[in-house]
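For reference, chains read A, B, C and D in written order, and residue numbers begin at 1 within each chain.
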């Protein structure tokens, strides 16, 4: 089967590699010729690319399957440019990180054209090539059925995990790593919440490890000087530990309840940089974490863990500064307290 | 009536001033002679002081009433030194910010000596002299009755507030601003929770005002440069406001639901420093905010607002840094994302 | 001066009463004749009303001033109906709880008509008649100047509060209780954040008082039976207090740092129902609390306190149930733990 | 090597089974004879048990190795009873869920007796028998070296996980699944934080899945009746999804960033009970989650995610009820709002 890929960044290229590996072919579009040449050299006869969108469309077998894998901000414009070049029965896939609202609108707008549309939330990060991509799909059943050969090449496959106890019979699609979640937008909706959960789980590890990193606070307290503005430490003797956090993340990978792929990656990051010296602690966030909270609020569901995780990222970038100054100003106003000096 | 005051800092001195103003007399103890001389000059014939604890005890009428108003960390040692100098029937008051656990232990330890003990959580800050102090008391009814003349001079008094609709009859003690909350420790317990609430309310104002301070984020976004690592702003046109925060805090003081004494003080702080330039944003916390959370956890009561307020202070002092670095390390590990550069 | 009021519910009627009290006149529109007759009887010669919108417009002096004070959901339709009946130079005020996005759109849509538009976030609740309403305004300076006689009658006025230390000279508008916050939408934006703060402050009181309500947990623990699934209480002796929460809220009203109008109301509510027996604990939320969080997320500002307060309300309505069941299911899955039985 | 096991519940018995499987022997003590007979039958010649503590001590080879695996509340008393029966050089291990404070005190108390002491936080739950137990150890290096044959039988072993990229050379102890974290208490400290993280990660999944469970809220809203007290839903068309949560947890197990052992268990729980009908949603918590927060507060580290997760459990058990009633009371007081009726 043939796949057209718009955007040959890491994610797009790795999806191409996975399907080509299974005997499929791919056509790529990218504004810059560099990645095209590289991929053509890497997969001779199975991949061809172009920097011209009309050429790209022309190189595709009908019905065309076009997977758009570019930053969310650019997706709309490219699909607008692409649409008039396509025919009824062709399929557009948005595999990027669009907000699912866009999918609902786009699918509706495409309906009169006869062009099919799927949103596919795609998780896997830099490891997708080897592990496969987890695919969360919004759209119609017939399109998923039609694309099954490609989807099963991109997804990790049934053998990638131990079967869940209680499941029997033929492996389902979702046990292979792709799932038609529902109608248009459902794929990006589920992917959005997936990322929200990811934020929360990351926050849980980061906070716990931060406690471990401060397990020597009692020694620091006993050795340090203290302002009367500072809370005295009642039991410094309980915080006299120098813990080896890389080793702890490693031991937790074996047999503990918090074993996870995120923990595997954390352990790996700590091998590379045991004290995290290469990081400044300014943590970015992408749209999904924010949209998850907004969705929760829209449906009236409490998400304190997920929100706390998002806010931790905002704070890490200095976004609480005005609030903090205000707190200091209030403390001074009612208690005459001066701020602690900068350390 | 006569009051002995140990500790002549702002709080202790102002309590003395309030009772003297009502015709009572006071004896003060303080390690440094400076404040003693000042207060003697200020209240001739009504206040005498000494730097010697035994002298202090000797200057007190029997039964002695000794109010200890010093930092929580020093209170235990002073009471230990004071106790053997007192007689059965004398009264010790801890008016500082001790943890109520200490009161329970101390009252038990004093029981065999016949010395009475009261814990009085005292709120009022730098404005206590003019507004009066709110007194939250733990101990015995007879001691509160005996001390009523002093307590009612220290407290704001019935006229300080509009009577709550529905209350009738003689004004109660608590409508005068002092309350026997319960047995030993109950005063500091209630004061502790009071401070926990204060943290939460302060956090609410600070966070809300921080949103107002960022109401121009859309303009900054439109004018700025953006990394692909950054969430694009969907509706910058909604965030084009330059708000006058001092004026807003002022207008809220009149008729709004969030009118409060904290807001009065905030408005005053913003008159003095409209952009909060004199603050760095490193917010201190004292024990009560922490103990409140621990009490809530002990009794199994959820306190997300109060905890968030406390953690905001920890974060303001850089205590999340390791966690934030860890988050950046994880993001890099699974997504290949680089950190945003420092601005 | 004359005011046209659309919507004669409690808020609308009380605004009318305040201006009439100052010698202004009012015309009212309301679908049901009942309130009109009542208000006409109450304010003979100063108030007239109608159930016909065209009549209403006809009864107004030019330039017409129309204040719309109806539920946010109905505001758009009424203004759409009203607009063609008005002339250039007339003024529409949305005094309800619209989302400020609507104001921005509406002001833009009205621009070609020459009709002026103001959004006025109005706080004061059921006490607005006596205390005055706090008015947060978005729009143009000339309209605010023109409306000054009405606005100053509706607002609490300068004398309603003690002047903030440091302020000098002529009282400003905002010291009278109304403020032009900025261009269209700014009024409802500031009102929205005001309500977000209100949620946070309410949450702070509620959580703190909840700790007080559980201060006897140690006695309950000692007297109770315990499942091995339950955390044992380490120090039940610290939680043996029976606290009088109505009295505590009352004493805090005098001299404490947490004194506020919300606390005044809380004390009053506890006089009427000391054990809160008339409440089920299902707490509603209106749009502003939600929109505040969404605005904070849009501008990337951490609001953990305000979010926690909102989520507390969601949870109170059972919206966490599925999440809680999931937690129980996980605990059973990895630890073999059975759920605690319903008490 | 021989191990003495006090407590033959699931955890204790499974530890015994793992060492016996590797050719070691075990002696067990348990108050009830039932489990002893069962285990003797299961492991003839390799396991013997007794209901008499002195007999138990007598059956052990010198130096005795005694692993105490009973509920935290009972551990202290058993060790007190055991200690006088032991000799210098014997080793006591607390493998249960004691608070690490106890370990520090106990190790100090045992020092004069010459009895060695180790605290071993043990994770693995009901799957420990097959997966092995993750062992977090506090104590001395020589004791860990001496016990290595047993510890490596109990732990999952090096082969249980893929080696972390960047690690080279001989597998370390912690890559086998056991780690000497530091001096006395360090094992239970690390285990405590491990559980804190577990709470946070569980909360993240539960909240995210709860959003998915409410993805049909728009349909419910459109079909339902609405009180004016309720926030209207702005975009019900965005919440029209019926999502298959068991399938979603399954697809996430393959290739996604949130793959974890907790997710594996969640997927399994949803196979067994797809709608969670067998759960009431009253979620228990054990001490570690609480102690984690207290430790974070002691060292001044913000843990909003972990706290939110703990509070979610408190709330699930109705512990916010008084706070929620208070919020309703306040809303009624200032806004005249009535509570929504119970659904």
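Annotations
Just so it is clear, a residue touches a chain if its C-beta (ideal position, glycine included) is under 8 Å from a C-beta of that chain, and two chains touch if they have at least 3 such contacts.
Keep in mind that what you see is a predicted model, and the values were worked out from it rather than measured.
Across B-D and A-D, the chain pair carrying more C-beta contacts is A-D.
Chain centres here are C-alpha means, and the one lying farthest from subunit B is A. Look at where the CA atoms of subunit B average out and do the same for subunit D: the two points lie 38 Å apart. Centre-to-centre spacing of subunit C and subunit D amounts to 44 Å, using the average Cα coordinate of each chain. Each chain gets a centre from the mean of its Cα atoms; for subunit A and subunit D, those two points are 28 Å apart.
Shared contact sites, meaning residues of subunit A that touch two or more other chains, fall at 125, 203, 205, 207, 209-210, 214, 231, 234, 257, 261-262, 268, 290, 298, 300-304, 307-308, 311-312, 315, 317, 319-320, 323, 334. On the side of subunit C, the complex with subunit D involves touching residues 10, 71-73, 99, 125-127, 202-203, 205-207, 209-210, 213-214, 227-232, 234, 261-262, 265-266, 268-270, 273, 276, 279-287, 290, 304, 308, 312-313, 315-337, 339-343. Those residues of subunit C that touch subunit B in the complex are listed here as 100-101, 104, 123-125, 128, 131-136, 155-157, 160-162, 164-167, 172, 174-179, 181-183, 185-186, 189-190, 193-201, 203-205, 207-212, 214-215, 217, 231, 233-235, 237-244, 247-248, 250-264, 267-268, 271-272, 292, 295-296, 298-309, 311-312.
If you check the complex, the residues on subunit D that touch subunit B are 257, 290, 293-294, 297-298, 300-304, 307-308, 310-312, 314-315, 317, 319-320, 323, 334.
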